[in-house]
Amino acid sequence: MTDSAGVPLLRVENLIRSFGGIKATDNLSLDVLPGELHAIIGPNGAGKTTLISQLTGQLMPNSGAIHFAGRDVTAVPAYQRSRLGLARSFQITSLLRDFTAIDNVAIAAQAHDGHSFRFWGAARKEKHLRDAAQAALTRVGLGQRANVLVSELSHGEQRELELAVALATKPQLLLLDEPMAGLGVTESARMVALLKELRKEVTIVLVEHDMEAVFALADRITVLVYGRVIASGDPDAIRNNEEVKRAYLGDQHAVTRHG
Amino acid sequence: GDTIKIGFVSTFSGPTAVIGNDMRNSFELALDHLGRKMGGKPVEVIYEDDGQKPDVGKQKTEKLIQSDKVDFIAGYIWSNVLLASLKTAVDSKTFLISANAGPSQLAGELCSPYVFSTSWQNDQTPQAVGTYMNQKGVKSVFLIGPNYAAGKDMLAGVKSTFKGQVVGEEYTVWPSQLDFSAELTKAKNSKAESIFVFYPGAAGVQFLNQYAQAGIKGQIPLYTAFTIDELSLPLQKDNAIGVPGAQQWVNDLPNAENKKFVEDYRKKYTGLRPTFYGAQSYDAVNLINSAVVAVKGDTSKKDEMKAEMEKANFKSVRGPFKYGKNHIPVQNFYLQDVVKDADGQLSLKTVATIVKDDQDRFVDKCPMK
Amino acid sequence: MLVLVEQSLNGLQFGLLLFLLAAGLTLVFGIMDFVNLAHGSLYMMGAYFAATFVAWTNSFVLGILMALGATLLLGIALEFIALRHLYGRDHLDQVLATFGLILFFNDAVRLIWGPAGLSLPLPSWLTVPVQIVPGVFYPAYRLSIIVVALAVAAMLYLVVMRTRIGMLIRAGASNREMIGALGINIKLLFTLVFGLGAALAGLAGLMQAPILTVQIGMGENILILAFVIIVIGGIGSIRGAFLAAIFVGMIDTLGRAFLPDLLRTVLSSAAASTAAPALSSMLIYLLMAIVLVVRPEGLFPAAKR
Amino acid sequence: MAETLLEIDGVETCYGLSQVLFGLSLKVQSGEMVALMGRNGMGKTTTIRSIMGMTGARAGTIRFAGEQVRSLPSYKIAKLGIGLVPEGRQIFPNLTVYENLVAASGNRQGASDPWTIEKIHALFPRLAERGNNMGVTLSGGEQQMLAIGRALMTNPKLLILDEATEGLAPLIREEIWNCLSMLKGRGQSVLVIDKNVANLSRIADRHYIIERGRTVWTGTSEQLIAEPDLQHRYLGI
Amino acid sequence: MKSSTINARNVVVALVALGLTLLPVYSALTGNIFILTLFTRIIIFALAAASLNLIMGYGGMMSFGHAAYLGIGGYAVGILAFEGIGSGFIQWPVALAASALYALVIGALSLRTRGVYFIMITLAFAQMAYYVTSGLSRYGGDDGLTIYKRSTFGGLIDLSNRTQFYYLCLACLFGGIYLIWRIVNSRFGMVVQGVRSNEQRMQAIGYHANRYRLVCFVISGTICGLAGALLANNTDFVSPAGMYWTRSGELMVMVVFGGMGSLFGPVIGTIVFLLLEELLSQFTEYWALIMGPLLLLIVLFARGGIMGVLGRLSRD
């Protein structure tokens, strides 16, 4: 966090996106500094997933701008943003279901490697892809499950695999949409530990409803309600913000630090 | 060999199997009439189904020639199946008798010493219709036909002989178009004095239905080629009454051979009536027989057999005819009409002879002497 | 002008006829996610049943009602014996299996009714031309097709979009397992829907029979048209199928009616009369390709209605 | 003395060749709220699927409301009075919110105070706002609310919730817990899977912990709280 | 996956490959020429089916217009021959290029759609190709075009020699399958299969899904174009009938019959399908009465086609 000389890695300016009548993103501006873990919280339907989708390019904003690493990426298609170093995990698990865990990760590693118009060599025999994939799996705790088909992994394991896939593209900015959802207590704890590790290497935007995790991890928190930022600041400030309590946290989290 | 082997390629499956059936029935009947022997040798026939597909037809032809080693190969309803199969037969010098298909290439540049027809060239029938319309003093006509090779040939055939005015010419999508209301409306509004159509098989039934339902049957008379035959008539019923057509064979042609053919056919296959397809197949057997008899069963004498067949030295159910140098019959065409016969059933009847000894117009393109 | 009116009626009637066939297809295909190539065979069976029953009973109306019932039962039997095991399977499996059924039905019909086809004559009260506007007469039977198809369209739309049964059917399409967990016998529901689809196919077949023919394989070419229609309309959308069917009927008829004359203004007469049919044969496919390139999910994607 | 509503004994279930449940047993009394706990992948969801007949159990007995339901088709089991909020929500994406609820409505006659759309809307006002939106366009949390509403609309004797609070905002989550205690107060039987042990031990009557497809512990909330070692061993807390 | 290499599936594949290789010897010994003719056609269709399998089985693109390439490859040969250009060194590259170009254009348009819409739009384009060739009156219109002389290769190989032609076709088939095998297991192949499985996910990790799909589509079309050139030479004839939608349907049937997404499946499927058709039609003209229910039974009880069944046998 020392090198965050004020130049944001990601800068969102006046973003608007509406669906029919509803503004899911309403004139939203946001900075993410290099190296920080920036949590985004807010009630259900506040527009968090919609925001992530616009950042990764799955969804195009109606207006506004997105700058990433000094570049205007507002109109850059999804697949190119990923190459620039933006990676995401999905709120609703999205994996290659008929592939094994390691194949899922290896394909992501291959994307980072470039050169996918190779028609001849056997991809599954490329050692550096396999090694990279195995490393990412081990990292999220799936080292033993490498050769299991995704459709046979439990829900929790699939969530972990989501993260491994995102990691394998060696991103600069990792956008995580509810990575704890569906994880058991142990796995949640493991995930928190893992994210603690990861934040040393990569900037993270974390969308999460698990407040213990958020307060344990975040450097900064932005609160969205109806597509707008109602508060932004460090965890303590957010915890004690009356408006946030009313709209989102309720009374419990202001007092209980440890659940 | 000690048997005469004949291969017969036609369509025995799918919607048009009804034609193949009739051809086979007549072919069998002809063999029965010969005691299933030719030149003293027993005859063996192998029927193959082309499924109306050119490449399948060609494969069956190859099978008959290479695997069954037949002496003659006959049949072929469809022009494209015949054209696909032709080269195989000619290259192997196996005699091929087309019992129906008559594309212009066969009469012209693709004519071959080994290929004979017991039917006609496509254009001849509509030409006869055109001539008939002249005879009736028709002044103008609206032409409707399907948009494929035979359809275009048919309309061209009429135009080549019809002397009046062609006020409109409509091609419909083949084979998928089922509804002719747009064309009928146009014909009605064109003020033409008559309509000519060519619609074989099911399409012919549909066309006559819709022609009748459109309420113009009394107003604009219809002339046809290959649209009404004994296969379609039971479906067309009263819609076909009073709609003339032309054909080289009609079931009531007054010759002994024909009487025997028609009567025995109706006896052997109760409830069915022979068609011109059948008549052509019946003739094919007798043509082959004439050749085999001439060489006393020695089918290796190809030149002699060819010479014999060129004489058309057999009793055809259409009456006597000659072969042109392209091996296409030079023959009469008759006017046919639909009437109720003695048992109150609809049947085709010869009304007049439209042309005598008609030769197709592609014969000059045939390089044979 | 009168010609245009009459040609438009022709187009409308042809379109509505296609809708009858397409409606059953889109119901089974869009809602149950089942690709039924044998829909054309059911259409054929409807026509054969009608021709047979009308001849037996000597009554057009009675025969047609019996035929409708028979196709409904046939559809239910088919679903019960074989097709229900194919829900949720790959579309290709369904294509293959129902392709097999086409083969089977064609030959079964040939075996039972012979290869020659049947005819279904109209009763005399349906053959008279009716004057709709002064100077334009239109066959009564074609008018009756228009009326029946419109009624079917309205009924289907109401059932599928406005009733709980309709909701359940649509829900079952997206998640069979969950609809079961809500206590609904999805198997039975689907059987009934399939039967309804079959009856609609049969209805289309028997309505067409007097105009067209009762022939082996009569369902195959028209099935492709029906597929084109439901794809243009957006799979699963009754409204889409309805509009697309009318659209296709109009384009087809008006294209054939006026394209040659139109072309003659720019081309020589001979060139026009050969180019026009080639073009009009492609018109519908061209239309579909354009629609799909512009709107990859058809005009009315079902999910968005 | 409460009667037994659901009774499972010795259930074994497989996915294809891999066995997941190895003779699992549990019981839910009428009016009781029972929690099913265990780490990821231990077979909680599979247990629910076996009860519902979605993945048929290979052996064992499953009785619901006095009837043997193993090997019954799932719609018959549901009709006996089980409402399910499945893992991963599984709302109908091509129906509107309103239609999702209407499609599920049923069993009115059996219930004394049946659920209606209005009551669901009162519980989750968000659903009223989104009434005409297609299910697919809802946010994750909205979908979760809809799934719960849909299960309630069937007026079940036994409500089963499989991770029903996953992805909900803390405020809503509180509301759901409150709602569950309210339901329990009305005598609703509930079988619940959730990872929040604190909340579970607050309102559930009894708990089962499963490990690799077997019941390894069962007891009341007091017993559970009294044995922190247990939670550590089986739940990793 | 890890079962030993000697299992029912591999044994069958090996036997079939061996049988195909030795077939001309059998034909020469027994004097049964027809079997060679028959199998030449089967092999050509197997190549077409294998190419369809590449996009269908591995790429998840259900093309219902694959017969178009058979026609385009065939017409390229036929038209050039008709215009007096008999050299295969010109004809065949033109056939491949024309197929590739057609695939590129219709692929670029069709790949905007998914699922059944894709099935239908490929069908639409194939039907248009059908109507275009039906309108080529100079080249026979829908009567088709006879090819009087097979492609010549400057004396290297004589296509009118049955055995040589057979081996050429067989070499094309084995070559095509080898090519497909390498492609499927390559980096490119992994991406294509990944896109089939979950397009959204692949986009999110940085793949432009349609670009890979399109390349795959073009490769498949080109291989099928080769099959078209072979077929034209085998039949000495091309006609629009060979491009009709039913032919595309048959190709799909062959693929699914043998086992979609398995390398050798389409070959086995083609052999069984065409032989069955040939044998059943010898046996009765109501052969479809048997074939139809047979297809249904295969789908119902033999998931994954013949290869699927063999695979299951091997596992037990």
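For reference, chains read A, B, C, D and E in written order, and residue numbers begin at 1 within each chain.
Here is the rule we use: a contact is a pair of C-beta atoms (placed from the backbone, for glycine too) under 8 Å apart; a residue touches a chain by one contact, two chains touch by 3 or more.
The shown structure was predicted, so the numbers you read here are calculated from the model rather than taken from an experiment.
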Labels of chains that are neighbours to chain C and to chain E: B
Lowest number of touching-chain links that must be crossed from chain C to chain D: 1
Chain separated most widely from chain A, comparing mean CA positions: B
Furthest chain, CA centroid comparison against chain D: B
Centroid distance [mean C-alpha coordinates] between chain C and chain B, Å: 35
Inter-chain centre distance, chain A versus chain C - centres from mean C-alpha coordinates, in Å: 49
Averaged-CA centre spacing for the pair chain D and chain A, given as whole angstrom: 29
Residues of chain B touching at least two other chains: 13, 17, 147, 152
Per-residue overlap in chain D, given as positions that touch at least 2 other chains: none
Which chain pairs touch, all of them: A-D, A-E, B-C, B-E, C-D, C-E
For the chain C and chain E complex, residues of the former touching the latter: 29, 35, 82, 85-86, 89, 91-97, 99-108, 110-111, 220, 224, 227-228, 231, 235, 274, 278, 281-282, 285-286, 288-289, 292-293, 296-298
Complex interface listing, chain C residues touching chain D: 164, 167-168, 170-171, 173-175, 177-187, 302-304
Contact footprint of chain E on chain A as seen in their complex: 56, 58, 77-80, 82-83, 87-88, 90, 94-99, 103, 106-108, 110-112, 115-124, 126, 165-166, 168-169
Chain E to chain B touching residues, read off their complex: 32-35, 37-38, 41, 134, 137, 140-144, 146, 148, 231, 235-237, 239, 241-242, 281, 285-288
Of all residues in chain E, those that touch chain C in their complex: 56, 62, 109-110, 112-117, 119-121, 123-125, 127-128, 131-132, 134-135, 137, 245-246, 249, 252-253, 256-257, 260, 286-289, 291-296, 298-300, 303
